[in-house]
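Note that the chains are named A, B, C and D in the order they appear, and that numbering of residues resets to 1 at the start of each chain.
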Amino acid sequence: MTSVHATTPSGFLLVLAVILPVCAVLAIVACGPRSAARIAMTTLAAGLAVAIAIAMELVAGGTALSYVVGGWQPPLGIALRADGLSGAMIVMTALVLGAVGLFARSQYALHDGGGAGRAQTTFWILLLALASALNATFVGEDLFNLYVALELLTFAAVPLVCLDGRAETVKAALRYLLFALLGSLLYLLGTGLIYGQYGTLDLLALSQLSREDPALSAALALMIVGLLAKAALFPLHLWLPPAHAGAPAPASAVLSALVIKAPVFLILRLVLDVAPPQAAAVAGQMLAVLGAVSILFCSVMALRQARLKLMIAYSTVAQIGYLFIVFPLAAGSADLPPWSTIAWTGGALQLISHALAKSAMFLAAGVVYEAFGHDRIADLRGFGRVLPISAAAFGLAGLSLMGIPPSGGFVAKCLLLTAAVAEGYPWLAATILAGGLLAGGYVFRVIDKALANPAAPIVVQRAVPRRLEIVALALAAAAVMLGFLPLRPFEFLQIGRSGVSMAGLP
Amino acid sequence: MTAVLQPGVLFGLCGAVLVGIGLFAIVTHPALLRRIVGCNILGAGIFLVFGAVARRGAGAGLDADPVPQALVITGIVVAFSASALAVALLKRLSELSVGEGRAAEPAAPRSET
Amino acid sequence: MNGLVDIATMVLVSMGAVLFLAGALGLLRFPDTLSRLHAVSKADNLGLGLIVMGLLPQAESVSGGLKLICVWLLAQISAATASQLLARKIHRDEGRS
Amino acid sequence: MMVLLDLALAAWLLALALHVVMERNERSAIIAFLALGLLLGLVWVRLAAPDVALTEIAIGGGGTGILLLRAEAALRGRGKHEEGATRGGKLAVAAGCAVISAGLGFAVLALASPAPTLAPAASDAIAATGLGNPVTAVLLAYRALDTLLEKVVVLLALVGIWSLAPDGIWGGAPEVAPAAVPGPLAWLARILPPFGVVIGVYMFWVGADAPGGTFQAGTVLAAMWLLVIMAGLLPPPDAASPALRLVLVGGPALFLAIAFLGFIVADGFLAYPEGFAKPLIVAIEAALTLSVAAALAMLVAGPARKAPAR
């Protein structure tokens, strides 16, 4: 085993990113509902600080951060490692979680004398557990450690779906759990085969050891299918719309923006770092086809939804599709590694801008639901007059989903489109364009209602604090701001990649 | 032929068959409780594959490689927690949809969407 | 000497195994639940007793032997309770119908 | 001779698994699943994995079995159904599953030979931990991060299950005891726990050097506690009760505290200072055993059924 992880001076930040939220979870379980919101908000702030510190260390050092846990070298022990892409994911996670925390604070803060605090306490515990699980996924280097991280993610995400305890959300949560369990079991099976073949679970070591053989192909196929079930790519998306639409707004926002990105990130690592070139090429083509079908099919489904939150949920499946068409486009070549291609940058930007835009959209939808007591699109005529900020947040986030300048989504889709044309994938280029048009369709359907003249004067059933709307607007604005990045491969995303062998290259 | 009869291979193959049986139950069984049972059979099959891998890795005075064995122990506990959560959701769902049972008053004031 | 002990072990364990087999057959063949229960609990208790007795001389240490006896005792207790509970349930169900 | 035993075990295992899947009666299927757990325990012994055998029998078979049996009793006749597959669909799925099994079997046969192994590495490093059981060394030293996060997984599952209680009674106690406790059960609940507790403590204590450890011991203790609660000898605890929460959090918290201590007195997070590894690990295991016992028992007991006493 040639690769050796060495703890870098600021590697302990990775431990903090994973463990701080765990400490807070224990503290809330021990202390009960009273201080839940306060502990959680403090931890989310600390998490943001750690994330920014990690990003700054990455920029300053120009190399990946590593940490060998307990001093036990892999393959016996476990290492953590953050490269540029992981760093970007961690910062994105911390930002979105922080914003959602601010949004949820008024909803899930314990009012004196109100309720027993079931939903409140549970929400904060689960949100923090999500933070830990996501960070563990982004910095994990060990396939089994990643399995535990994925399970942590599942156990945090599923109860979030049925926090309000209605039968339909419990049903959605159960279905989600079964899909997620099946997914993690398949992933685990692949892990076992890889260990049997190579005697290590360390990704860095595997990137140097892996070669074409039947056990590895079977393992990768199982793991990728399992992760697809968790990422809700067509045709394994059936669990997502009811789960994401049924959850309380802040939960929907994190589920759609962050939770499904973790399996996508792992698929990327498996295909790029572990799969031998031939297998990577085949897998990439198949993933791209599924991604394209996802984009088209679920965009059409989104257009046909009568309820706002269901529409946004279907839009999530469609937007996830874009992340899978990156695989053949970012295949790279002998002198151009995948992470220097424009498609790599485009994919990463799509991931981040979707996270910001989708969380903004779900939060805005949550405000609408809160204000009117329903989210039937047909009955929302003129809601922009009463909730201008939310309508604006929805519209700005929509820009990013459609890929209209200036927005992060525009830069992402533009890069992907250029890559598709340059690499000779006209059908992917056509899919990207069609997906943008369809997204325009479903976003304008809502914006049109927002700006329409209401037939009868529109009444807000419940006043919604302005603060909540501003959080949604800030997230949407951040998604737009990403659009001012230059249209070229982004160096931050390449930090620490060259250390990984070129296993994924032809 | 004798190689197949080594416990490290034989029970690995058993695990492979259990995976198929479990998957069949998960996909085809109409009752959700039986699907949860199917998940457990699938899990048992997967753990057996790990066990076979561990047994094959005997060496250094140990009868088996302890690393996959430890992974299985972790896996069994996680699988149990998952079954517990799934069963609790299933029970709650049936209470809510039937609308009977002592604890089935519709989950008090909804905590909003 | 060793040979004699081994033979004793073999005989006792085989007898135990035969009793288990008889119990299993009874479970499958007897007509009603109560007699099935009777067959299983009788045969298994005795069978386990014989097997434990057969294995005792093979125990490497005193504590190993004690553990074997504990296993037998615990199995006795739980089997007795389980049979009792089952029998009660059957009795109640029959009383009702 | 052993080959015959292995073949018989394998055939029996597969036949029983098929029976579990095919059996129409839900309860019979679950009882068969319990038996499957015991059989798997035997298989694990044949795979030279006594630690896993204990865990499988205790948690995989026993724990899951009682969970499913309770669920079956609670759901009887009104369980949730999704539309089942048609006959043709079932055949197609069966064929697909057979293909997957065959492919997987092929992959298992094709695994590298000689098999790669970490056994030498694990037994070389074990001296530094002072432990005698390599599986415990993997769980609590080499891969302690997995074990730590897995404890959080168990805790989260419990938080998730508790959150399924209706708003008004959240934080209350679950309902485990039947309305009328049968005499033999009460008798067993008086006789067995002293034994059980001794066995549990023993399993934890030998776990450092011999097969056994926190999970196995925790499951035995959890079973004893549940038995006492089922027999109505002790009331089930309120989820909100500080004592319960402290026991639940205690294990992981001590684990974390010692992990952080590693930053100061050893090589870093989760590193044990030289010479103190074994006592620290045993301390962690002791606390974890209690936490695991409480968590497993509460996972089986389910969400609250009555409002907390406050």
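FYI, a residue touches a chain if its C-beta (ideal position, glycine included) is under 8 Å from a C-beta of that chain, and two chains touch if they have at least 3 such contacts.
Here the structure is a predicted model, which means the values were calculated and not measured.
Chains that touch both chain C and chain D are absent from this assembly.
Mean C-alpha positions place chain B and chain D at a centre distance of 11 Å. Centre-to-centre separation between chain B and chain C, using Cα means, comes to 31 Å. Chain geometry summary: the mean Cα position of chain A and that of chain C are 57 Å apart.
Residues of chain A in contact with two or more other chains: 76, 115, 119, 144, 148, 151, 155, 158-159, 162-163, 165, 170-171, 174, 189, 193, 195-196, 199. Within chain D, the positions touching two or more other chains are listed as 80, 104, 107-108, 111, 115-118, 122, 142-143, 146, 150, 153, 157, 160, 164-169. In chain C, there is no position where the chain touches two or more neighbouring chains simultaneously.
Two chains count as a pair here when they touch; such pairs are A-B, A-D, B-D, C-D. Chain D contributes residues 3, 6-7, 10, 13-14, 17-18, 20-21, 26, 29-30, 33, 36, 40, 43-44, 46-49, 51-52, 55-56, 59-60, 63-64, 67-68, 70-72, 74-75, 78-85, 89-90, 93-94, 97-98, 100-102, 104-105, 107-109, 111, 113, 115-120, 122-124, 134-135, 137-139, 142-143, 146-147, 150, 153-154, 157, 160-161, 164-169, 213, 215, 296, 299-300, 302-305 to its touches with chain B in the complex.
Taken in their complex, chain A has these residues touching chain B: 76, 107-108, 115, 119, 144, 147-148, 151, 154-155, 158-159, 162-167, 170-171, 173-174, 177-178, 181-182, 185, 188-189, 191-193, 195-196, 199, 247-249, 309, 366, 369-370, 375. Touching chain C in their complex are the following residues of chain D: 182-185, 187-188, 191-192, 195. Residues of chain C that touch chain D in their complex: 70, 74, 77-78, 80-81, 84-85, 88. Taken in their complex, chain A has these residues touching chain D: 7, 12, 15, 19, 22-23, 25-26, 29-30, 32, 67-72, 75-78, 115-119, 122, 125-126, 129, 132, 136, 144-145, 148-149, 151-152, 155-156, 158-159, 162-163, 165, 170-171, 174, 189, 193, 195-200, 213-215, 218-219.
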